[in-house]
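In what follows, chain A forms one complex with chain B and a second complex with chain C.
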Partner chain A sequence: MKKTVDVSIPIGPVHPCWKEPIRIKCETAGERVRRAEVELGYMKKGIERIMRGRPWQEVMFLAERVCGICSVIHNMVFIEAMEAISGITVPPRAAYLRVIVNELDRIASHLIANFSYCYTIEHETLAMYLLNVREVVLDNLERITGSRINTAYMIPGGVRFDLSEEDAAALLADLATVEAEMRRYVKMFETGPLIGLRSRGIGILTQEAAIEAHAVGPTARASGIPECDQRLRHPTYRELGFAPVSRTEGDNFARVMVRFDEVFQSIGLIRACIDRLPDGPVRGGGDCGPGEIVYRGEAPRGELAYCIRSDEYGRILDISIRTPSIMNIEACSHYMVRDVTSLADVTSTFISADPCIACTER
Partner chain B sequence: MSILQEIKNRVRSKSIHVTFVDVGSCNGCDIEVLACLAPRYDIEQYGIYVHNNPREADVLLVMGAITPQWTDKLRDLWDKIPEPKAAIAVGNCPISGCVFARRHMYIEPPVEKYIPIAAQVPGCPPRPTEILNAILSLAPTLFKDYEEKQR
Partner chain C sequence: MITYLYEKDLRRMKFNILTSTWHDLAVRQIARRLSIDLQRLRLIMIQRFDMSLLENLPARWEAGLRHADTNDPTARELGCELFSRFIPFVEPDEMQTICSETRAEIDNGTPEVQAIDAGKARIREVILS
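Let's look at the complex of A and B:
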């Protein structure tokens, strides 16, 4: 029998390239990767088990700590699911403020994803530029919500704080600087010859493979599936005339570029929100009641689904969360890194899918 | 104090190698440590170098409530770090378990049960400046006169 696999190489769980513990076992023939397997389980905290039987006031903060990078969307999806169960309506001003904060969080998340990618391919200059832009975005998040990471901004029936005129003006001014800087960095990324050599045509996920693997978020949109964006089904985004960005190449370069394009798209959405921001209250109030629902939202990494069952006091009887990264990690291990020509590309391909291990394992 | 010790004290306060390990956090503290690298906080101008090799490190940043997978592995990682060394717990999770320390939890906080912790930075997550402050105030005093004390 012909020998096809030479050696099985483990990468991780503590590895300079990733910030979170995960292990990839690569089966290689020479330098070529034949098969890869992802080993999870280093981060399991059992959040869903803690959540069961607790009132929504506690679960709200636990939901936010499922993932620290995209905490706002976890907050938003949980709160909107509770509102849908209990029939609470949100004042229009609060609905727009939710979109502003969510998009700011998305910009910060995409910037840190692209920072990780640039850091992995050893382009440290661009990585540091992106990290510095992210600080400006986080400043605005702090100015609006009062916190940098875990904001707890949304509550059933509205948001906690109103956006003042000065804060809106400062936000617009900061967005202008972010956009101007980002145009320069995206040009650096697009035209860099060495970045192109490390990114173009590597880790290809075709459209058929993306559908087969149920890829979500920017990973799927880079493979030519724009319909997967859950923001198309959100009422506030529909009012804003949201149209998703997509690319067809499906390689590392396309995935990073989709994230860059979405940063500009988010900036546009925030500007549109501030333009249309109606006057009125930001907190309506309401009681959380009994019911059962599956509610979906678009996290920075893809589709996020909460399946909730609550009782008449607003206690969470049963909850299960499906986070986007688990689909992308599987797509990555089964399709992207298969037949990658060099072992050095495994880490960069894996990082380009933007895996978030904390929310995968919860 | 010998002249050699004086040189070592001076050098050690200006070059601190930091490694970080995530033992089950929500990523919030991780990205605040990463934000320290950003030119705004610029951790490297204080002579702190962040990388992920425990064999070269002086300071270990521990983030996250301890998950069962890490209870034995964290000790191994700690043993790999050469003397003199110090561990800093970043965030509420390694101190108390934060929101995850409830009934039915899988985690086993605090982290002090497994490795000696020299300093704790509370916060969920702490600001990058606080993490920077903790490293800068702890490392020079802890590593001062290390060889003299060993004798």
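Let's look at the complex of A and C:
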């Protein structure tokens, strides 16, 4: 008689495929995963508590330290929230520069996410190619903002530095190189037979499940929910005629491909911004005042929301941050990895959702 | 007594998650909707849900309010999908039974308010059991 063994197999907290510590307990029947449970708490920063009672000048630096990979969007959402509270307007040139930096950050984040996926499914060659391209993107972030990771580029009423014509030309030249190389790598990913075996039809997140778990970002867009993209509601992106990328398969392959497609989309958005970049100042100034707001922006991983209450001196009385990985990790552990046929697919499926534990535990 | 190296007591961390600003707001709304004592509801959540679901609770609650039971007013009143799919307190089959029995009671002439109240009481009973 065939014996069925139910075992609880822990993956993590330390695992070669994880960038950060998290533990997934998989209840298995043979190789099949019946359900999974997530344990957090290995890298809690308590950053929201540190932020409370501090002036916005300190909190803006803390905000981008919530996540090292997508630090620009944390800076952007916090600053735009403070601007909305205080009625500060941004000069048009600064608004376009914000989009350029934000999209560069998105490209860097998507490249490291897809690097991780390729690394997890043991396609190290493609993984290293992607990491190599990411360097070019980070160099450009440094050229514009002076820093590769925590840029602190956006301030209330504008941005810190203008973009010179020479820097814009160098950025466009680098983007042309990135685009050409990326076309080759995407073709490798799309046509690789082993990649297909590890990615297509695995870790499926249906549209209904994505809605239930409030999945966001490329994870939701790969399951046919394009309207979840917060850039659709951002005035500068609307001026640029932004339309989200979306697929319907909902599997690992779709999630990675959505990210690849968004890299090209971001390159297009940066080009459009440089084309239309208006003349004028990049700093309008303004004082941060009292108020309360829930402000949302589109991080590389999805909807990022800040709930802020400030006083008349611009001090942060209360703040709560909802990062996209919270939703996507939950969608992954309760829907994507449920009933995967092999335990080996748990790691790749988890990584395909681009989880950021630093964001989740903030 | 055997203690497992990695089996930690997560109750304290789960409680911290539930009492953060956004989560506290959502938990209070759920408690009000279900007419369950706040502390009791927190305990139930800590016992039944894992940490990622607890972290995602406010987003699920908001998604549920927006998308659950959009076509059926009785199911919406009871929170059929809301408390089985979005916030998984009750097994979907069990919730379906409660929902269809409530509908049957309304069809048999029981006043709607009374039938829905009875349905809500049954849901509460299942959650508290």
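What we mean here is this: the second predicted complex is superposed on the first by the 357 of 362 C-alpha atoms of A that agree within 3 Å, B and C clash if a C-alpha of one lies under 4 Å from a C-alpha of the other, contacts with A are read in each partner's own complex, and residues count from 1 in each chain.
Definition applied: a residue touches a chain if its C-beta (ideal position, glycine included) is under 8 Å from a C-beta of that chain, and two chains touch if they have at least 3 such contacts.
Just so we're clear, the structure is a prediction, and the values are computed from it rather than from any experiment.
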Exercise. Based on the superposition on chain A, does the combination of chain B and chain C result in a clash or a fit?
Worked result: fit
Exercise. Where does A:His214 make contact in the superposed view: on chain B (first), on chain C (second), on both, or on neither?
Worked result: second
Exercise. In the superposed arrangement, does A:Gly41 touch chain B (first), chain C (second), both or neither?
Worked result: both
Exercise. In this superposed model, does chain C or chain B come into contact with more residues of chain A?
Worked result: B
Problem set entry | Partner chain in contact with A:Ser320 - chain B first, chain C second, else both or neither | second
Exercise. With the two structures laid over each other on chain A, which partner does A:Gly241 touch: chain B (first), chain C (second), both, or neither?
Worked result: neither
Problem set entry | Which of chain B and chain C A:Pro278 touches, first, second, both or neither | neither
Exercise. Touching A:Pro193, do we find chain B (first), chain C (second), both, or neither?
Worked result: neither
Problem set entry | Minimum C-alpha spacing, chains overlaid - chain B and chain C, in Å | 10
For this session: Could you give the residue numbers on chain A that contact chain B in one complex and chain C in the other?
Result: 13, 41, 44
Exercise. Within the complex, which stretch of chain A touches chain C?
Worked result: 10, 13, 23, 37-41, 44, 48, 211-214, 307, 318-320, 322, 326-327, 329-330, 333-334, 360
Exercise. Along chain A, where are the residues that touch chain B in the complex?
Worked result: 13-16, 19-21, 41-47, 49-50, 52, 54, 61-62, 65-69, 71, 112, 115, 128, 131-132, 134-135, 138, 148-150, 356, 358-359
For this session: Name, in rising order, each residue of chain B that touches chain A in their complex.
Result: 20-32, 34-35, 37-40, 51-54, 64-65, 67-70, 73, 77, 98-100, 102-107, 124-125, 127
Seminar exercise, completed: Contacts from chain C onto chain A in the complex sit at residues 6, 8, 10, 13, 20-22, 50-53, 55-56, 58-60, 62-64, 67, 85-86
